[in-house]
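Questions regarding the structure given below will be posed in turn.
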Amino acid sequence: MFDGGASMANTFGKMFSITTWGESHGDAVGVVVDGCPPQIEIDIADIQKELARRRPGQSRITTQRRESDEAQILSGVFEGKSLGTPILIGVWNSDQRSKDYEHMRTKFRPSHADYTYQAKYGIRNWKGGGRASARETIGRVAAGAIAKKILAQEFGVEIVGYVKQVSDMVGDVDPETVTMADVESTIVRCPDPDIAERMIERIDEARKAGDTLGGVVEAVARNVPAGLGEPVFDKLEAELGRGVLSLPACKGFEVGSGFGGITMTGSTHNDPFYNEAGRIRTRTNYSGGIQGGISNGESIVIRAAFKPVATIMTPQETVDEDGNPTELSGRGRHDPCVLPRAVPMVEAMMALVLVDHALRQRGQVGDVG
Amino acid sequence: MFDGGASMANTFGKMFSITTWGESHGDAVGVVVDGCPPQIEIDIADIQKELARRRPGQSRITTQRRESDEAQILSGVFEGKSLGTPILIGVWNSDQRSKDYEHMRTKFRPSHADYTYQAKYGIRNWKGGGRASARETIGRVAAGAIAKKILAQEFGVEIVGYVKQVSDMVGDVDPETVTMADVESTIVRCPDPDIAERMIERIDEARKAGDTLGGVVEAVARNVPAGLGEPVFDKLEAELGRGVLSLPACKGFEVGSGFGGITMTGSTHNDPFYNEAGRIRTRTNYSGGIQGGISNGESIVIRAAFKPVATIMTPQETVDEDGNPTELSGRGRHDPCVLPRAVPMVEAMMALVLVDHALRQRGQVGDVG
Amino acid sequence: MFDGGASMANTFGKMFSITTWGESHGDAVGVVVDGCPPQIEIDIADIQKELARRRPGQSRITTQRRESDEAQILSGVFEGKSLGTPILIGVWNSDQRSKDYEHMRTKFRPSHADYTYQAKYGIRNWKGGGRASARETIGRVAAGAIAKKILAQEFGVEIVGYVKQVSDMVGDVDPETVTMADVESTIVRCPDPDIAERMIERIDEARKAGDTLGGVVEAVARNVPAGLGEPVFDKLEAELGRGVLSLPACKGFEVGSGFGGITMTGSTHNDPFYNEAGRIRTRTNYSGGIQGGISNGESIVIRAAFKPVATIMTPQETVDEDGNPTELSGRGRHDPCVLPRAVPMVEAMMALVLVDHALRQRGQVGDVG
Amino acid sequence: MFDGGASMANTFGKMFSITTWGESHGDAVGVVVDGCPPQIEIDIADIQKELARRRPGQSRITTQRRESDEAQILSGVFEGKSLGTPILIGVWNSDQRSKDYEHMRTKFRPSHADYTYQAKYGIRNWKGGGRASARETIGRVAAGAIAKKILAQEFGVEIVGYVKQVSDMVGDVDPETVTMADVESTIVRCPDPDIAERMIERIDEARKAGDTLGGVVEAVARNVPAGLGEPVFDKLEAELGRGVLSLPACKGFEVGSGFGGITMTGSTHNDPFYNEAGRIRTRTNYSGGIQGGISNGESIVIRAAFKPVATIMTPQETVDEDGNPTELSGRGRHDPCVLPRAVPMVEAMMALVLVDHALRQRGQVGDVG
């Protein structure tokens, strides 16, 4: 059967736009970044650092799959500065261990994309999950490093993400003051030391039991200029939501008070304005920094819910490609908890959306903030 | 100051694409629908019916603002069938009562878009909130009526939305069996009769107190073909999230188990496959009908959190355009609870996303489902 | 047969983007303009003036079809200034005289879009040609009026178009000095008075004979800032070409020396740089103001070839919808020569492309020119 | 000065969409192809063959710059078939000889993009012209090879391009019967043997004199299904024009009778329909296979005018980056005539546009042709 392709779904962003490419067991994965302004200092070390935070095998509570994930810039940068032309970043695969997936060739892993891919395309790269695997996020994180650089240098925006919750354990974190150093001080990336310790214990237990845990990543963007986001369909929360919900295993998104705010009343759930030395501020921040779809200058706080992932070690009921009932056991080296590795991914999506809108806004007023 | 415009944000959808237009106190509001296939039966009555569900003044628990909201089709339809050309739908405003907003001319309403619009554009249509007002949703709901028609006739897809929660009152609803008739049987649109009664009481109390309540709309799409959605950035949940989060007052989105699933473990949060008379089914549906970003044929269940809106009757602290502290009291006739009116809006966004993807998928395989 | 629609083709432009709507014998035709910056003075009279230049029945050498073409702005403008939100302009049809087309209901007019539309869609609005008719250009010309306003006020760019050639009669015109007044001084819009006189005679003859003539429109944009256009695919000449070639009856496009330059050698076909009081100029302008796809500050000169249109009064061989040979005679009131009416259309497309790029460039450097 | 980037211009196509990347003296150049349907046989040899036709140093009448241009596929293909995911093709540079351009570092080459790039971006990759150089066309030609494969296998469409004219020498070629073998039988790619011989002589003379010649490439697509192209803005001739006019040195485009048809009258310039064994045909083809912007099933014939390029060996007047008058002599190894190498480029752009529309049309009717 001849099937059409779909060119609309591998690209993200309008003014700052990225296209990811590569299958997990193909030759390489990476990204084309289109829209980086010229004269931005691009250092492969910044990109490498973000990729390391995403990398499997980085600690004992993540999957033991080891990949070297070394990036290379093939275009768009000259003498350490961007040219304003497309930047191609590639990461060559290592340590693929396809045989981990050999036994799954004709079986559908439950709660994975195997069945849906087959239903859609009539072909799949069964080795390791193809484009549905988290290796596709390498391109996003690499591009996110560039986005973060632009945001920091040109707009003074800082983005910090962290694990807010694992299973029923919730960290106490102040988004106004938390730093990247706080987050990176623990392998679980939760900057509440007591909760972090408990999280590590519970994840260890899950790993030994061959089970997995879910949780929430929270991310804050500070010093965001007012005016980002566009009314109607490109509201900032809608764009942030889209970016984050496109991450693997993400099943929920909220901004500001989110689902928690629905039990409040309007008289309480309100952010009054006041004048702080010439700058318009709000006394509270239930809005999460966004009103009417546009940033108001307060910190933007978002949260992403990640389900406990489904590749586990105990046998499961499933069907094969011909519809016959069969059984499947996951093998290989999987994540007992994706949350620590999800932090740089959520930060990357936040950065991509914010830089896209900052560049659009610059086009609108010439000056931002 | 000369400002650039932004043409990227008033359009939604790729293959089935809508552009809304009109300010709340302008001459008219409406939508251009581009991508409706030819030969679809278009009946103004279907559109009018959806607009009525959205309309203010429809019951005592919504705002008492009365608008006639009569729609007119100006292009794209000939002898009752779509031509495949752009369909322009316009709705002429009535009952605007601008003087309700006169006193706000130079003051920023807290938790509204007044300040952010000013920060962004340097001009605003202060009469009634301009494009940030919910009247902009008229175009979406009108276009959603067309989307629903295509989904129903050509794909057999049915969408039902309802109020799931208001404040701390949660309805017990089975998404697999709830019908539009169940929903429309009560003015609060919650198909759990006992909870509905309590909801109406509490909303009445809020209205008298000049306060507002928030809540959750849940929506289900049944009989969705497998294969809708595209991996990486156009994952179905990402697109649904973007559509829903672009609605006014929406602060959170989740699909399937959402935020609730994060306390489960992978061994439990799993949807095993089985073969039901040649059709691949899952025994449970924590995924909410979407796996790896693509629909698997099970019902798609989503939830949207709406904050308690901020226009209330008691005086509030704020600042004016020059940054001077001042006070503001809302006047006019506002919603004590937006949830019943949000139901057709959430359904509309769900329909717009699903029809866009159904048409894309048809382009991929010729046949869908 | 159920057909998909296509939403990608009714919109033009990226940052300043227009969507036209309406069928020639529908209720109205018009355009949604998305991306007009806020605070631009919008006067319905400017739009009306351009529409009058496009209108049939404007002189004895154009079609005698009379249409009043009165435009109305329905959104996006407030107290005479743009809001930065979508601007909807509608023009209500009059004088349709559908019975002119009644006899053609089932027959394909040669060299028209009747057959191709049927092949594509399986339905057509046979009354008057549907979307293929030149009435669809009303929306473009209306939007072009807004584009011209922005270009003039904010960038100092002036666009003048004129009839350069009709059949074998070529006017002698200096693009550097020709004015709109020169052009509008004659009903054939050729600012070479002697040639204009001959053109009018020959068109009169063609009209009486029931035949038609073709020709060339030339248009110049003066005082264009350097830096507009983007390398690779959005080269300025590519975008101008696309805009102009999408006009009805246009079969060729060239810029600068165009097809005429191919007999020159590189040593002659060259525009040397020199410094004129701090401004970089070129001594000649074979490039037509565009080098490497980007404007260099010199006048941009383009030419569009319009074929002699095919609706004529003598009987023609054709087939009907069932493939049976039949005969067809055009009736009605058609154009013996579309060129005078094509001038505002070519100007409009030029303006739409240049304003789109001027706004993009402003996004790149903050300041243009 | 901080400049914004522009992500909108490096991508071409909507359903079948390509993004080219790479600077001429960067590490590599190439393309990401997004939208190739799954299960298409992709063979690197097909791509390599097209690149060879484009390559410099291929014959004595082209530039003597030698580049090996060896392509590599890094993603999107598995066991010889496309996956439906993005296909990354890279070509590693060799033989760059940057020192040819060293002396130009601060001088603007007349009729090149040096000045306009500087005006736009404030930075340029002066080594060899950056993105303005023809090496950027490698990505297009590689992607075009894939587009041609899809067109041939799935739609039966064949594309043949050839040199129609060099300077004042015009070949006599029948687009209905000319074959790729005819074209490739001579290094000048003009399938009229007598004219080809003269062309080669004249190009030799120009090369020795350090001068250059221009000309016209004509291309035909045969067996095109009726129904491709979309009315209003995505008319097939507008899209073909945009694609071709974005090629380096292209200054004009026409389809069918083009500029030549304007001296005809409507009674002669007409393509009557007739029924040929159930298939609707036209007796003549002045339309060039396109009516009302949509293909009618007849051969599509287009022509592109290429100017005589401006890098020549004799000294020229110019200015440097500070505006001071100076002199410049081209060095290096340039093309005396770009036409033979332009043939695969024009074919590639034609293939990219036609496959994009064929895939869109398939989305509209399920079946094409």
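To keep things simple, chains are lettered A, B, C and D as they appear, and every chain counts its residues starting from 1.
In this section, a contact is a pair of C-beta atoms (placed from the backbone, for glycine too) under 8 Å apart; a residue touches a chain by one contact, two chains touch by 3 or more.
All values derive from a computational prediction rather than experimental measurement.
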Listed pair (A-D, C-D or B-C) duplicating the A-B contact set, over half by residue number: C-D
Chain separated most widely from subunit C, comparing mean CA positions: A
Between subunit D and subunit C, distance of the C-alpha-averaged centres to the nearest whole Å: 26
Whole-Å gap separating subunit B and subunit C, where each centre is the average of the chain's CA atoms: 39
Length of the line joining the C-alpha centres of subunit A and subunit C, rounded to whole Å: 46
Residues within subunit C bordering two or more other chains: 1, 3-6, 8, 10-11, 14-15, 20, 37, 85, 121-122, 131, 231, 359-360, 362-364, 366
Subunit C contact footprint on subunit B (complex, rising order): 1-8, 10-11, 13-17, 19-23, 26-30, 32, 34-39, 73-76, 78, 81-88, 90, 121-125, 130-131, 154, 359, 362-363
Parts of subunit A lying in touch with subunit B, wherever the complex brings them together: 1-6, 8-12, 14, 20, 108, 110-117, 119-122, 131-132, 136, 165, 167-168, 206, 211-216, 226-227, 229-235, 237-239, 241-243, 245-246, 248, 250-259, 261-267, 269-275, 278, 280, 282, 286-288, 291-297, 305-312, 314, 316-319, 323-325, 360-361, 363-366
